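Per-chain numbering from 1; labels A, B, C, D and E assigned in written order.
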Amino acid sequence: MFSVLRSNRDGRKRARLFSGTGGSFIRLVFSLIITLFGLLLVTFLIGRVLPIDPVLAAVGDRAPQAVYDRVREEMGLNLPLWQQFYIYVSNILQGDFGRSVLTSRPVLDDIKRVFPATLELATVATIIGVALGIPMGVFAAVHKGKWPDHLVRIFGLVGYSMPIFWLGLMGLMIFYMKLGWVAGPGRLDAFYVDFIEPTTGLMLIDTLIEGDMDLFWNAVSHIILPASILAYFSLAYIARMTRSFMLEQLGQEYILTARVKGISETRIIWRHALGNVMVPLVTVIALSYANLLEGSVLTEIIFSWPGLGQYITNSLLKADMNAVLGGTIVVGAVFIGVNLLSDVLYRLLDPRARR
Amino acid sequence: MRKLIAGLVLGTALATMPLSANAETPKNALVMAFSIDDIITLDPAEIFEFSGAEYAGNTYDRLIGFDNKDVSKIHGVVAESWDVSEDGKTFTFKIRDGIKFASGNPLTAEDVAFSLQRVILLDQSPAFILGQFGLTPDNVMEKIRMTDDMTVVMELDQPFAPTFVLYCLTAGVGAVVDKAEVMAHEKDGDLGHEWLRTAYAGSGPFALNKWTAGESLSLTANEEYWDGVPEMKRVIIRHVAEAASQQLLLEKGDIDIARNLEADQIASLQNSDTIKFQNQPKGGLWYLGLSQKNEYLSNPKVREALKYLVDYDGISSTILAGRSTVHQAFLPDGFLGALNDNPYTLDVEKAKALLAEAGLPDGFNVSMDTRNTTAIMGMAQSIQATWALAGINLEIIPGDGGQTLTKYRARQHDIYIGRWGPDYQDPHTNASTFAWNPDNSDEASAKPLAWRNAWDAGDLTAKTDAAILERDTEKRVAMYHELQRDVMANGPFVIMFQETEIASLRNNVHNLDLGPSFDNNYYRFVTKD
Amino acid sequence: MTQDLILSVRNLHVGFNTAKGAIEAVRGVSFDLGRERLGIVGESGSGKSQTGRAILGLTAANGHIRADRLQFHDTDLRNLSPRDWRKVRGARISMIMQDPKYSLNPVMTVGDQIIEAYREHFKVNNREAKRRAIEMLESVKIRDPELVFKSYPHEVSGGMGQRVMIAMMLIPEPELIIADEPTSALDVTVQLQVMAILDDLVRERGMALIFISHDLHLVSSFCDRVLVMYQGRVVEEIAASNLDQAQHPYTRGLLNCLPKMDGNHADLPVLARDAAWETQDLT
Amino acid sequence: MTQTTSRLFKPGLRPWLTSDTPQSRFQARCGRAWMGWLKLAENRLAMVGLGIVLSLVLVTLLAPVLAPYDPLAADLTKRIQSPNAQHWFGTDQLGRDILSRVIYGAQYTLMVVALVVITAAPVGLLVGTIAGFFGGWVDSVLMRITDIFLAFPKLILALAFVAALGPGLENAILAIALTAWPPYARIARAETLTVRKSDYIYAARLQGVSNTGLILGHITPMCLSSLVVRVTLDMAGMILIAAGLGFLGLGAQPPMPEWGAMVSEGRQFLLEQWWVSTVPGIAIFIVSLGFNLLGDGLRDVLDPRGGD
Amino acid sequence: MIEIENLNVWFGENHVLKDVSFDVPLNGSFGLVGESGSGKSTVLRTITGLVDDWEGRITIADKNLGPKRDIAFYRDVQMVFQDPFGSLHPRHTIDRILSEPVDVHKLGNSDARVIEALKQVGLDNSFRFRYPHQLSGGQRQRVAIARALILKPKILLLDEPTSALDVSIQAEVLNLLSALRRDLGLTYIMVSHDLAVVAHMCDDIAIMNLGRIVERATARQLADGHLDHPYSQQLFRAAAGYDRAIIDSFVDWD
């Protein structure tokens, strides 16, 4: 009988290489790069299989064949696919996202213009959603099974179940047209469109920088309706998740501990339970924020909001592939960034996740 | 927590407070909602889009113009007068004195020659309009030249009908750019093209203030305009894609003019006491293109039957209410030689008989590529319904503009429902696409609509070529009449309607000047109470 | 031992409405408590924990309490308003829960949680509260109280966590402590150390203690008096020192079925349950 | 008669269902389902939801009987009539009866829901459980792919897909499925991670159960409940995305009476002739609400933790 | 039957088992005692192949174990877990739980085997189609034992099999385990934190602390309190119950 001594020391060393803080950071960056690259590749391929002629977008329907052929060559569409992709990726690595066919400008400039619009809308919507959603969720959880719970549930479900374009148009008709509480489509009254030189691109901040309170309030009155309508959706989601997290936390032992200590129910709910609810909730909020940051195409169309969603959609429908690729990379990066941010927040809120 | 409550209170306050200021646009500014996301360039040598052309029409002066009320009245704009040589091949233009560019530079013959040469040299989409006269990048420098400070000469390769030449010069390619300004921005010998795509160098009644693609376009009045300073000091055009949003803005008074309201919206606003409408027949034609590659559609009896299967009056009075008139010839009303008789009406029995003659008494299946706009979808669905009466099963394939067009140009459609807009005001513009197809092979270099529908136009091609050389206007008219009748009877086109543009205006807005083409809608005469 | 009566319970019933119908977890429990250490022993489901919770009015929302008498000093614990309960809980009656891993709030520092317990009942400023908290941490024999004060619950061991729990529950100086299986999540030596700390503190401050456990052995060595519960009822009440003379077959069965370190591998005596135990009154 | 059947039914079936000592696998399964049903039945809102969903199925099946008119019959002389005795919900821009179109449209809504569920859910489940179970590079690769799809703007991905395949309801459904699976993969993976380390999986492994057996027989059932709940809750979203694609003209093809397309077509009349767009909008709303209520109820039954 | 020599185990950076060696004869019963974190459960997990990073020698029935356990290994070695609530699949009926190993090993005749296994652990046939949640803790642990037995293994690894049970139930389960060893000639390794339980069940005992075996003793030695290592002595004293005087002498071992 022979006896084999098993040794796995090498494997252990390998494992150690990736186990440290540095290792996990490298892994994170690596996976980010892979994700972005994959995003790029998929988008690129989509662009090539799309049955829309990108040359047509550039030259128009009535251009003579000679012009068409020349532009096609200029756009590099006669090269093999891999070569086009290679050129595209190496350009991006040099910070060149190419030029949009539709706007005749560098894609990066376009994105710098449209992204703040989306960012502003998504941020305001998320703020409203969080400010209302969390208290509603808490309220529902505390009164589980009673009418306030049902009320919040129904309110949330209505938000979940409403076609946004219908809600948007109805909202405009009621609050803008009939009641006149808010301003109409657009980020500012049409007349003001070129009054503001974009510094940050965020209308609410730019108007304040210019110190023009009239314009600021104008911007507020324009953003409030689309943001509220978007917020309704994230609110419904946040309230619902808050409720279920809250119920979970309220059943925990430490809540009993707090009650034993004689602490008021208000403090137990808002300090003890909510403190713990915020931990998983951060991820939920981040996710809904990230989704809003992709740009809500339909809301943007209805409210003439020149945002990222509309930009990418239009570009896609007109086969403006540089713009679509650039926009997608931005959306992907934002998505990943927001997830990272939620990770950081998670660590801040949950001492157990800290090192 | 306290912050949260504060936020809540603020949120509620904001949500309920009437924030919107009293909606009223300033008296000396014109605010307009318009679907302008088709603008991809501001260089007049490249512009070939509807709203882009409208921009150029308001910001650049052209060599020649015509009267919006009566297209046959041609007059000089930048050209004060012109002479045509005996052999009809040389045009001499006398340039108007006293025109100034926005840069302050005076407009001279040098700018005019440069502008025309530039169109040919840049060779962008609209360049063919001048190219028809035998101008190429190689010969243009000698064929178009200035003879003195105020005179430009243009030599043609054939004795074209003068009206043809002059109408071509009323198009966007006739716009005069500021040579000094443009050349100051030249890069790599591009004649300033890259720069001018997003900038301005003209002398028109308005100057570009700012263009934000897909968002807004704003213009300021040229305070030194030679032909009368506009009353509107600013014109702001906001891109509003959704027609319902345009309507809301207009009703609310946040804009003065809405340009893209749909027929039903207009109908619902007919009784409004704050809004009025201005109609202008346009050159655009709605038509069905029937691919001759399709075995059923290549049958002349079938083509004829289909022409009896459209509810012309129904559509034009409902889906396109006020936005079209029935028109079945390929030259729109208002064009030289346009034919205005409309022989076809909805006649299911006749169509059935024709189908039976064609050996298809039970109809057939066919598909139609349809752009997904309200108007086109509406028409398509009505056509679908009437064709079904004759047993023809029409499948609608909806798609975005880019998509349907790509298919159409690649001759992969059965039927394409589309709109054709003339490029310039001469009848040749439509004749050369509906009735002209020198090479019907897939590899052809010229791809007019006849080619797209794989229709061998036969001797019509030669007849079309002959018509532009006919210098006797009356004879020329007769030639076009014949071409139109021929295409109407045999062509692969079911031409249905001529477009009418309707602008919706607030009551206090007057004198918007809408022309027959998309590049002669002028803002310069607009006044507001 | 029961010279001054602190708590008097008569005929306590605790019931729950569940999806499967009504359940009576506690069925007519009665006892009196002075300044002593009373053990409540029973197997899982015997109603021992529910008895402890009922005294603090912490029965779950779907439950209801009924008792002929539930008197804490001069306070009738039946039908107290939430406001009045808050004056009783923590300040006068407190409870130590089973597992510090779950019963401490994971996102608040240990110090904050102790301070919170103190300041809820004493109007003192933060600095004073902190001083008291550190003092309290010292008195539960935590070596580096400043460090533990700033720690989060997951950063301290199970034994340490339970000491924190004791400090937190004792800081407002309640008169009665209910310890519900306070050591069953701990290793045996740590368990004894924690109990020693609790023992010392309760003695020093003259508090009464109800010690709830499933471990008959442990309870009898720790408490003065033991209540043995079975199926929601008290089947035997006995002085801890007399445990070996327990009369009730259930108590005897429980004692017998414990494995012993006597090197004997023979089968253990098995508890033979008698349906009569569930209804029989305590004699 | 009902009385007799119910009397027959009650003593016969109920004890059989609620028996603590079932005699066969079938009885055990039925008993379990019965308990779940009882719990669901307690939730009145969930019952409303179930009622709506069942009505949808019923309307789909009975459309030809229920609809008063041919949903495709256009008549330009009758266009955009307000609700009246002949046309309860009015007529649309081509003079078609809106009630009939809404009734016939139910089947497309049902189709969207059913097809997305049978495509996206299994894919997500498989990817998630495999990634979570094997961990290591398998997990990395699968999760990167999932991330790519998650990071993609959803509507854009769907749009691109529809644009590539051509507009139409089937392609729209495929596109929605394509964007819907990554969250399911995430959920299944998270669930797998918590389950993977549990003793019963370890125990099964010690019985010699293969990896495939573990994933399919042991892990999948544990992921199923949270997935079912999530899918039910998502159904409303799917209907709305399908409607959104319809709004952009890339969903159902005319003259198909798909609700989203109907809302979209009618939106230009929304300000004056509200019913054209609002009636199908309400239909979408009610059905979404039904699925949401049902999903909420199922969550309580299947997923006692209530969390996500 | 079981020989373990110089077993070392790492969890990442943590060296959790240090030179653990012991052997168990055929039909023997070996106990591992220690507090949480002593590494006692890790020994069992390493034997069953759940731990990757180990070195040393494990020999079972004269066969050296390599990195992977083949399916035949599980015919010989089975395990009973601590928590009967966690070790039974909540969505499977008892029938499925018991018949699965029969099916996996293609033993056939699963109905008879399931009924027999249930009988062996003292459960009647009425339990067969219930779900785990319909059973009490003791009944569940019996099912878990039946599952371990259904493959007729030679070795049973017991990971705190009674620590989650009430003492009266514990007695029943311990009696059952003793009887099974006697009747089926099984070999046991039992892990527990309870000195009394191990002393009752096992012939040989090892006391573990911080990944090491600090002392080996027989059941007799344990009963007499003949322990040398101060750690084992402390453990022994603690097991005697609460005695205020002794506690102050306790030392922290970590």
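Everything below uses one rule, namely that contacts are C-beta pairs under 8 Å (C-beta built on N, C-alpha and C of every residue); 3 or more make two chains touch, one makes a residue touch a chain.
What you see is a predicted model; the values in this text were computed from it and never measured.
**Q** Which chains, if any, touch chain C and chain D both?
**A** Of all the chains present, those in contact with both chain C and chain D are A, E.
**Q** Name the chain with the Cα centroid closest to the overall protein Cα centroid.
**A** Ranked by how close its C-alpha centre lies to the overall one, first comes A.
**Q** So which has more C-beta pairs touching, A-B or B-D?
**A** Top pair by contacting C-beta pairs is A-B.
**Q** Where the centres are mean C-alpha positions, what is the separation of chain A from chain C, in Å?
**A** Distance between chain centres: 50 Å.
**Q** Calculate how many whole Å lie between the centre of chain D and the centre of chain E, each centre taken as the average of the chain's C-alpha atoms.
**A** Averaging C-alpha atoms per chain gives centres 47 Å apart.
**Q** Roughly how far is chain B from chain C, going centre to centre by Cα mean, in whole Å?
**A** Whole-Å distance between the two chain centres: 88.
**Q** Return the residues of chain D touching two or more other chains; collapse runs of consecutive numbers into ranges.
**A** 163, 166, 248, 267, 270-271
**Q** Pull out every residue in chain C that's touching 2 or more other chains.
**A** Nothing qualifies.
**Q** Where in chain B do residues touch two or more of the other chains?
**A** Touching at least two other chains: 242, 244, 248, 400, 403.
**Q** Note which residues of chain D are touching chain A in the complex, please.
**A** Against chain A, chain D makes touches at 45, 140, 144-145, 147-148, 150-156, 159-161, 163-164, 166, 233, 236-237, 240, 243-244, 247-248, 260, 263-264, 267, 270-271, 277-278, 281, 284-286, 288-289, 292-293, 296, 299, 305-308.
**Q** Within their complex, state which residues of chain E touch chain D.
**A** Those in contact with chain D are residues 48, 50, 71, 74-75, 77-79, 81-83, 86-93, 95-96, 100-101, 104-105, 126-127, 129-131, 134, 144, 147, 151.
**Q** Using the touch definition up top, name the residues of chain A that touch chain D in the complex.
**A** Listed in rising order, the residues are 31, 34-35, 38-39, 42-43, 46, 49-52, 150, 153-154, 157-158, 160-166, 169-170, 173, 177, 241, 244-245, 247-248, 280, 284, 291, 294-295, 297-298, 309, 312-313, 316-317, 324, 327-328, 331-332, 335-336.
**Q** Over in the complex, which chain B residues touch chain D? Could you list them?
**A** Residues of chain B touching chain D: 242-244, 247-248, 262, 264-265, 268, 311, 314-315, 318-319, 370, 372, 374, 377-378, 380-382, 384-385, 395-400, 403.
**Q** Under the touch definition given earlier, write down the residues of chain D that touch chain B in their complex.
**A** Touch list, chain D to chain B: 72-74, 76-77, 79-80, 93-94, 163, 166-167, 248-250, 253-255, 265, 267-273.
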